[in-house]
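Working notes for the structure below.
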Amino acid sequence: MNAVEMHNITKTFGDLTANNQVNFTVAEGEIHALLGENGAGKTTLMRILYGLYQADSGEIYLHDHKVEISSPNDAIKCGVGMVTQHFTLVSNLTVTENLLMSERKGFLLNIPDGRERILTTAKKFGIPIQPDTLVKHLSVGEKQRVEIFKALFRNARVLIMDEPTAVLVPQEIDQLMETLQNLRSQGFAIIFISHKLNEVMTICDRITVLRDGEMIGTVNKKDVTQEELAKMMVGRETFGISRESRKEEQQQIILDVKDLSAIDKKGHLALNNISFNIKKGEILGVAGVSGNGQSELAQALSGMLKPKSGSVLFKGKEISKCTPAEIIKVGIGRIPEERNTSVVNEMTVAENIVMEHIDEFTDNGLINKRKIMEICEKLIADFNIKAKPGDRIRTLSGGNMQKALLARVLYRKPELIIVSQPTRGLDVGATEYIRLKLLEQAKMGAAVLLFSEDLDEIFALSDRIAVIYEGRIMDIIPSTKATVEQVGLLMAGASK
Amino acid sequence: MTDNSVMIIIVGLIAATLRVSTPLILGTIGELFCEKSGVLNLGIEGTMVIGAFIGFTVADATGSLWTGILVSILAGIIAGLLMSIMTVWLGVNQHVSGLGITLFLSAIASYGYRLVYGEPTTPPTLDGFSVVSILPDNLLVSRITNQYLLTYIALLLIPIIWFIVNKTRIGLWIRAVGENPEAVDAAGVNVYWTRTIALMIGGGFMALAGSFLSLAQLGAYTYGMIAGRGWVCIALIIFANWQPSRILWGAFLFGGASALQLRLQSLGIKVPYELFLSLPYLVTIAALALAGRSVTSPSSMLKPYRRE
Amino acid sequence: MIKFRLEKHSSPYWVRIIIPFAAILVTFLITSIILMVSHVNPIEAFYYFLVEPLSAKASLIEVLVKSTPLFLTGVAVSLAFASGYWNIGAEGQLIAGATAGAGIGMIVQGVSQWVGIPIMIIGGFLAGALWALLPAILKVKLSVDEIVTTLLMNYVILYLVSFLLNGPWKTTTNPGWPQSPEISLSTTFVKLIPKTRLHIGFVIALVIILVVWFLLTKTKLGYQMRASGIGRQAAYFTGINVNRTILISALLSGGIAGIAGAAEVGGIHYHLIEALSGGLGYTGIIIATLSALNPLAVIPSALFFGLIETGARSVSRALGTPIHLGGIVEGMLLLIILGAFLFQEYRIRRVKK
């Protein structure tokens, strides 16, 4: 009997088809991997199983019973538990208090009784738990264990783990694997969502690969190699815009990063001794699955995150400790991945476009509105932005807002452009336009540091491709020599 | 000065500190409930005013002090409910909602006062609570132990509140909601009602602080008698780092500074007494400045909870 | 079981226009209930409240007089809020300005009013800015929340005033009513209409509103202030020195509130008295909130509140209700309009289970 059977699941969000007639089965006593890139549809499928989304069509069977799951509460009642990267734990409470939170009976908390029940359950499943520790004093691995325990405490038999190792250090990963193997031997069905090939190959029994919302296939681990899996995950032809091969070699290094390390907001080491350089006129594409340090690297180079150690030389000058104002002044253009953090939503297009260089539009402290309008109208025309200068920037479509951001940065002809996820969420037309513009800039001699989760984009635009994984640069390959499978493997952490 | 008179002064200071700190303790307990659940309640000043006013007026009208106390607590609960409607259910900015409620309730109290008492030349008084004598009056230390019943209640409340917050289910939910409302929602507990209950309990305590002032400490109601104590409570919570056990120290510090200025005045020390009156407020600002860096407020404070 | 759910749904255009008027209507309905409880006929009360002040020349002028300080506190707070700085200390900053005004009024003698009045204004500005300095620095350097610190400063200045009035500035002319010595003729604000209380402060206030509007909309500093207020992170990203901007905004805000105080001394009271303000700073906060931080909108808002204040007095005279009726209406109006603003962003949906 299969623990989980999902038949012909289809789910769309507007124009986007996240899952297209997906079939997925998991046996009892099995660890089953759900493998795929960002946007493949893995998380969507599991959210349907956990009741956070409802499928447009398709059926779900648990232990051969057809079920309707319309909320997480339903899922829990049916014995399905989910552990995500966002822990739903309250950090100033103890483990016991967190586990008792969903119980409703009684005015007084019976902690000793709760502790008893927890320890009994812990023993039964062989999972070490410290009931009296405050959650904020637990390591990330221990917190995750509590999350798993929460599901067991509420009698789950199917466990969905969404990218569980993304937040763990190696020792904690080993412990997690032990825990999962333990549960498997007790008949649990475990679904392991991941993009990391080596882990999937280590722990899982079977692997299902999704790509662009389609189910590509289900294989047994013993019957497949990492390369074959990578091909299934990523294999498609690149199309559209491509980089012309360049004849002259520009040798001049404009940005030199040495041993850069940085800590993210949660206190983890996000960048681990990163070193690379970029030459004038070159586009260096940084490929990687989100969460591996790209955001922190972009922020560190943009003046938004102070690095812990290391140096960043721009045209020979140290800029690792500069403020955003100083970074702008030295001539680095930045287009960040979150549009909200770089535009003031309620201000107009014109006001946003000139924001980084407002001094040039000021005469004696007064804003020269005419000059601003002139430049704004010119940029709107040059960059084909469908908006008027006086429109509030939040009313612009994603594509037009991105073009405005691009305009803001590119009309200054910066010598280095740091751009993150430039075409995320944009339609084909806007995407093509923006990629063309970036190529144009490189042709004119600018260096471009491109962060993108879209491999098509990386291959289309880059001269060299760097792959970032867990805060390290795995390798930097000239794009003429790189293959999609090779990059895919590096992105998934496979060693060479 | 003899040793004995120094002792007398110190004893008097301690006694006064306990008395003067009582409304601060009560008000801070009230605000603690609100903030622990994630709501900054700037309506505290207005709630204390309305508590003082309603407590006084009802006690005056009915002749029963305890009735006055109870009705004032009820008024405070309603004030808390109003704050909840604005900030939890409607999601209005917490700062402005709280200030609006303070202005509104203060105006109602002033209006009601004029309506009931007109414009008397001296503020109306009544026979307020008298102190409770636990020890015989000939002992020096009895000066310290002769306190209002409500003061003893306030002191006893600290461990009781600690118990409620840490050992009951509702206390657990309140603490949880202030840190991570998503987790509470995921556990099937209603975030809105938990915050509403916290605000209502908080309002009750704030109003009790006010009626303590009008029915015990002063035995009178005057315009402006709360004099910013509500804001001091807000500061005291930051100073206590949101721990019930540390509220006492902050309250004693401020209360002590207040009591000190009266004592120094009576000793004939030639410094303007207004300087001492402002001392507690300046001390509070200094305390905030020192606490500034290492403060850990409840994580969800100031953000209305909306399910994504 | 029928459940209700709050759903985010921007209301259509016509609802947005109706909401402020509906809010005012609801406010007056609730006020009517309070009036009836006080044994007062609501219709009569509203006549004296809203109509009567506008019908006679004298009371119309009084509305303008009452609006003068509100123009200033309203725009002072608007400026601070627009930059993301929650200045709740306008009350104390006003009193600081009044104190400076009284002091200047004692020192500056024997010069033309066209010299004395500007000195009063500058003095009031500096005093107000000084009073705003400490909380602003604590905010910028130590991230101390400015709401509590500016509030506490409001109380400290009251004691300073009390000290001055009972000490160095004590006069014996009016024993039950402490006041400082009368200010000189040089520093008395010129009357706009003789034999009324309307003084040149009215014009100065309007000019200052225009200046603030100009600052916020036409200058680089104002642009940086608005960006810091609406999108602090984005402003920082684009190189704006957010801390410096907030500091300047806080000081300007305090200074303008200080001018309001100096004008009250120079134009109305001619002495420093303890009850000089009576909440003008807090009313300024209400006005700023209702004007949605637009300086020009402060003008009609402040006039409306001036009307409420005058009306409350007129109702009180005619029907004997306490003047605090004005405060009740103002507070209630704030709460209801705030609720209404948000109400138009949501919709209550019935969810059938």
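Letters A, B and C name the chains as they come in the text, with residue numbers starting at 1 for each one.
Rule of thumb we're sticking to: a residue touches a chain if its C-beta (ideal position, glycine included) is under 8 Å from a C-beta of that chain, and two chains touch if they have at least 3 such contacts.
Since this is a predicted model, take the numbers as computed values, not measurements.
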item: Most extensive contact between chains (C-beta pair count); value: B-C
item: Most distant chain from subunit B, judged by the mean position of its C-alpha atoms; value: A
item: Where subunit A and subunit B are represented by their mean Cα positions, the distance between them in whole Å; value: 47
item: Subunit B-subunit C separation of Cα centroids, rounded to whole Å; value: 27
item: Footprint of subunit B on subunit C - complex, ascending; value: 6, 8, 34, 38, 86, 88, 134-135, 138, 142-145, 147-149, 151-156, 159-160, 162-163, 166-167, 279, 282, 285-286, 289, 321-328, 330-332, 334-335, 338-339, 341-343, 346
item: Complex contact set, residues of subunit C against subunit A; value: 218-221, 223-224, 226-227, 230-231, 233-241
item: Touching residues on subunit A, where the partner in the complex is subunit B; value: 72-73, 86-93, 97-98, 100-104, 106-109, 111
item: Subunit C-touching residues of subunit B, taken from the complex the two chains share; value: 42, 82, 85-86, 89-93, 95-97, 99-101, 103-108, 110-111, 113-115, 227-228, 231-232, 234-235, 238, 272, 274-275, 277-278, 281-282, 284-285, 288-289, 292-293, 306
item: Subunit A - residues contacting subunit C, complex; value: 302, 304, 323-325, 327-329, 334, 336, 340-347, 351, 355-356, 358-359, 362, 365-367, 369
